[in-house]
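We just call them A, B, C and D in the order they show up, numbering each chain from 1.
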Amino acid sequence: MQDVQGLPDDREIALDRVGVAGLCHPIVVLDRRSEKQRTVGTFEMSVSLPREQKGTHMSRFVEVLNEHHGEVTMRTVPKILRDLQTRLDASSARVEVEFPYFLERTAPVSGATALMDYSCAFIGELSEDEDDFVLRVRVPVTSLCPCSKAISERGAHNQRGYITISVRTQTDLDGDPQLVWIEELIEVAEQSASAPVYPLLKRPDEAHVTVQAYDNPVFVEDMVRNVARRLQDEPRVHWFEVHAENHESIHNHSAFAQVTWSRSEPQ
Amino acid sequence: MQDVQGLPDDREIALDRVGVAGLCHPIVVLDRRSEKQRTVGTFEMSVSLPREQKGTHMSRFVEVLNEHHGEVTMRTVPKILRDLQTRLDASSARVEVEFPYFLERTAPVSGATALMDYSCAFIGELSEDEDDFVLRVRVPVTSLCPCSKAISERGAHNQRGYITISVRTQTDLDGDPQLVWIEELIEVAEQSASAPVYPLLKRPDEAHVTVQAYDNPVFVEDMVRNVARRLQDEPRVHWFEVHAENHESIHNHSAFAQVTWSRSEPQ
Amino acid sequence: MQDVQGLPDDREIALDRVGVAGLCHPIVVLDRRSEKQRTVGTFEMSVSLPREQKGTHMSRFVEVLNEHHGEVTMRTVPKILRDLQTRLDASSARVEVEFPYFLERTAPVSGATALMDYSCAFIGELSEDEDDFVLRVRVPVTSLCPCSKAISERGAHNQRGYITISVRTQTDLDGDPQLVWIEELIEVAEQSASAPVYPLLKRPDEAHVTVQAYDNPVFVEDMVRNVARRLQDEPRVHWFEVHAENHESIHNHSAFAQVTWSRSEPQ
Amino acid sequence: MQDVQGLPDDREIALDRVGVAGLCHPIVVLDRRSEKQRTVGTFEMSVSLPREQKGTHMSRFVEVLNEHHGEVTMRTVPKILRDLQTRLDASSARVEVEFPYFLERTAPVSGATALMDYSCAFIGELSEDEDDFVLRVRVPVTSLCPCSKAISERGAHNQRGYITISVRTQTDLDGDPQLVWIEELIEVAEQSASAPVYPLLKRPDEAHVTVQAYDNPVFVEDMVRNVARRLQDEPRVHWFEVHAENHESIHNHSAFAQVTWSRSEPQ
């Protein structure tokens, strides 16, 4: 049977990425207590394609994913990437997987517990000159407007906001990126907002977070800066992008702020 | 050329709806001041298919839409439906078109004006025994939680909510459904919430709506009941469904409420 | 602390549904081999609200979900519903949960296996007079156009389509709805299309499904009728709705067909 | 009334972007025949925020948009950017607007005409050192798999694909970016695929495009390379990114390819 993908190509154009997208698969991730969490990931997997080759072999992406049984962590993603590189005979490989991550949260007064979902992503890339790994976490928060509070006789508008943090970490002595836990980034985001968002609040909890938010007004700009300051103080973090978006309760559009930063000292 | 769709079918199954969906087309709608507003509609158009016919002729849906130059109002939708019925030789026809509708809104103190978008829909149906027309309007609002206000020392959580109103109206002496304007349903929704949502607010406006919301706390249940009471008092309205959803600022999920009602007196 | 939700209400409007939506939670479902599958569900949970009560207690929905540890099957959903009814003192309760369901599929020639995702839902409702349970499965398929094949000298346009089947089953002697497996509905859908869709195909498999689709052309209308015929012949099925949608490869819109059917003999 | 946004900030963190997102507004764009087309845009507008300022004034984004009456073209976007820069006292400003663009398309045999929608975007940026303007066009196409055709006895799987082209152009003598029309990029995309996608096809047209696609099989990699070759040969184009994605008819996931290129000669 003819290998059409393997045919030579004379258009002289190498492609940056060729692969599959929107691939839904059960995955296993590790949480901070080293316990395995089963969830569902949506994958984009790709490799570079040299100028002389007509096409890549798309089925091999699925095969490699299968062989790893959906185990995706900061430690297994590099292995998946190396397998893609080898199996597809490519100079670079890239995997991005998005998934809901669940964490048991305890209400601040009643102590009631329930699971809350955080949209996370691992983005790994392997090329000739370097490896790359980005952890991305989206954290829902409450934000209360400082301007509204300052100028209004009573009350203050507030809303659900989303803080999205992406980080690259310093490499350790083995050349591996240092671990930063999803839980740590969630904590950073929540401390930078007016109040955390919970899955389950009884009335005393609701009173607590209402006052907490009222006493900690922040603009979307403040949330980004608060997160940025905390991450700059964390020596494991080498690079970050912080994006915050408020689903404004007084408008039908969002307000957002964003910053990218890189540690200037040599990695 | 063979007419495969026109072939007989012996499976003995008539289909309720056959047609096209996700068809994007510029449209012209009328606003309350009888001025034409150009916007963009997403169409679902279908007809019933008798048991003895293999398939419908999908291209004719697009042809009929073309012939009406995208004019969609409470008065032209019935004509589109009759054309579909005739051209596709069908006993019933249905058109649903969703579109953003723009309205100039004036800020409550500064008088600053800007356009705000409301997601609307016309759903028309024509069958052997009756015509049907539903107008649907989704209105963003501010809702402030009465429980949070009552139990908290200061502040109260609030958020963007969406009130979706669908109505059928009484028929007039000519047998046509009476007109209800999109603008009227927007007004009903906003009066039933804690405060309206605006496209443009200067600081004095922001102080105004902050206090307005704080002084008018409503649960999602209250918003639905407030809308329902107003629509029951409006003699042109024959049937309604009201749905309200709060994008809770203290949770990562929504709270919602819903009611359907039909005037019991003979139409 | 004041129970604002428990206050009396004098607007005289009972609400059909009040509850939470967009709640993301890990779930456990059963597959045909009675093995537990861990996946992620998105819940909408609601109860009716009597006219004399101001509001429901939203946190109890999350508590009930917690207590059931996300176990959702045709047998546990009625228990969740009864708990909601009791805990929220409501006359009716409703749960809808959507989730990706994974099934190992074997390629038709090479025998290569991989997991494929199917979007499924359980919709349970408990009211004074009756229980209700609907199983919904969305199955991606290949559909090849009979008209294009008949009128074209070579080739035929084909595309990914989605067949969505919702069923209610007859009750057994204990009054419980009879079991129909997700796997069975997937099989019915695939037999009604031009060819199944697979997660992993090697070249001999690709040749196989290409010819299989070419030899089994179906309109979107045919897919609905083929499914309908199969379900009518299945005595456990009491009611169904079948919807098929082709993401047409020659248009930028979809073609769809739909039918609802109810067994006329007494249940 | 206090200007909270104008307060000094001592966190020493300048922000890259601060502004509004998800703002829906009617717009007017120009088509190739210099005629005005009314459609609907979704805006993201932002400015940079210096380290010493607490917040930006979000309402001014809406005011600037208002003053330009939604006129967005390659020539007016720079004016909007300058107004944002001035009104918000910012060193850089950025506007991204996405909109459906409608084009009358003529069926290849019957000559039947109808409007088709293309999702487009203008992305303009103004900073201290340079202006930037990117035009992005997403074109739906038919793609037919060369491998499937080569290895199968009859037929070949095909599907709807989307080719997304983003371009920056060379500046003319006045320092303005040279014009490239949306219509030109649509043409480039369609010539690079197996066949164009049409809004309205009668049977002779359907036979025509079926054979056209069968005779022009392309991988997703081929589509990207074909577009890239054409754009490299167009002297007005200075930079491009081409992304193609096939909604595979034999899988429940997509295949994609992507390349970025920059003209090496001095601009």
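Annotations
Note that in this section a residue touches a chain if its C-beta (ideal position, glycine included) is under 8 Å from a C-beta of that chain, and two chains touch if they have at least 3 such contacts.
The chain lineup, named per UniProt: A, B, C, D = GTP cyclohydrolase FolE2.
Because the structure is a prediction, the values reported are computed rather than measured.
Of the two chain pairs examined here, C-D and A-C, the one linked by more C-beta pairs in contact is C-D.
Where subunit B (GTP cyclohydrolase FolE2) touches subunit C (GTP cyclohydrolase FolE2), over half of the residue numbers in use are shared by the two copies, so each contributes mostly the same positions. Of all chains, the one whose Cα centroid sits at the greatest distance from that of subunit C (GTP cyclohydrolase FolE2) is D.
Each chain gets one centre point, the mean of its Cα atoms, and the points for subunit B (GTP cyclohydrolase FolE2) and subunit C (GTP cyclohydrolase FolE2) are 26 Å apart.
Taking each chain's centre as the average of its CA atoms, subunit C (GTP cyclohydrolase FolE2) and subunit D (GTP cyclohydrolase FolE2) sit 36 Å apart. In terms of their C-alpha centroids, the spacing between subunit A (GTP cyclohydrolase FolE2) and subunit C (GTP cyclohydrolase FolE2) amounts to 30 Å. Each of the following residues of subunit B (GTP cyclohydrolase FolE2) touches two or more other chains: 1, 23-24, 117, 147, 151, 199, 201, 203-204, 207, 252-253. The residues of subunit B (GTP cyclohydrolase FolE2) lying in touch with subunit D (GTP cyclohydrolase FolE2) in their complex are 1, 3, 23-26, 38-40, 59, 62-63, 65-66, 100, 102, 112-115, 117, 199-204, 207.
Every residue of subunit C (GTP cyclohydrolase FolE2) that touches subunit D (GTP cyclohydrolase FolE2) in the complex is listed here, in rising order: 116-117, 140, 142, 144-145, 147-148, 151-160, 195, 197-199, 201, 203-204, 206-207, 209-211, 213-215, 247-253. Within the complex formed with subunit C (GTP cyclohydrolase FolE2), the subunit B (GTP cyclohydrolase FolE2) residues making contact are 1-2, 4-5, 9, 11, 13-24, 44, 46, 49, 54-56, 58, 146-147, 150-151, 219-222, 224-226, 228-229, 245, 252-260.
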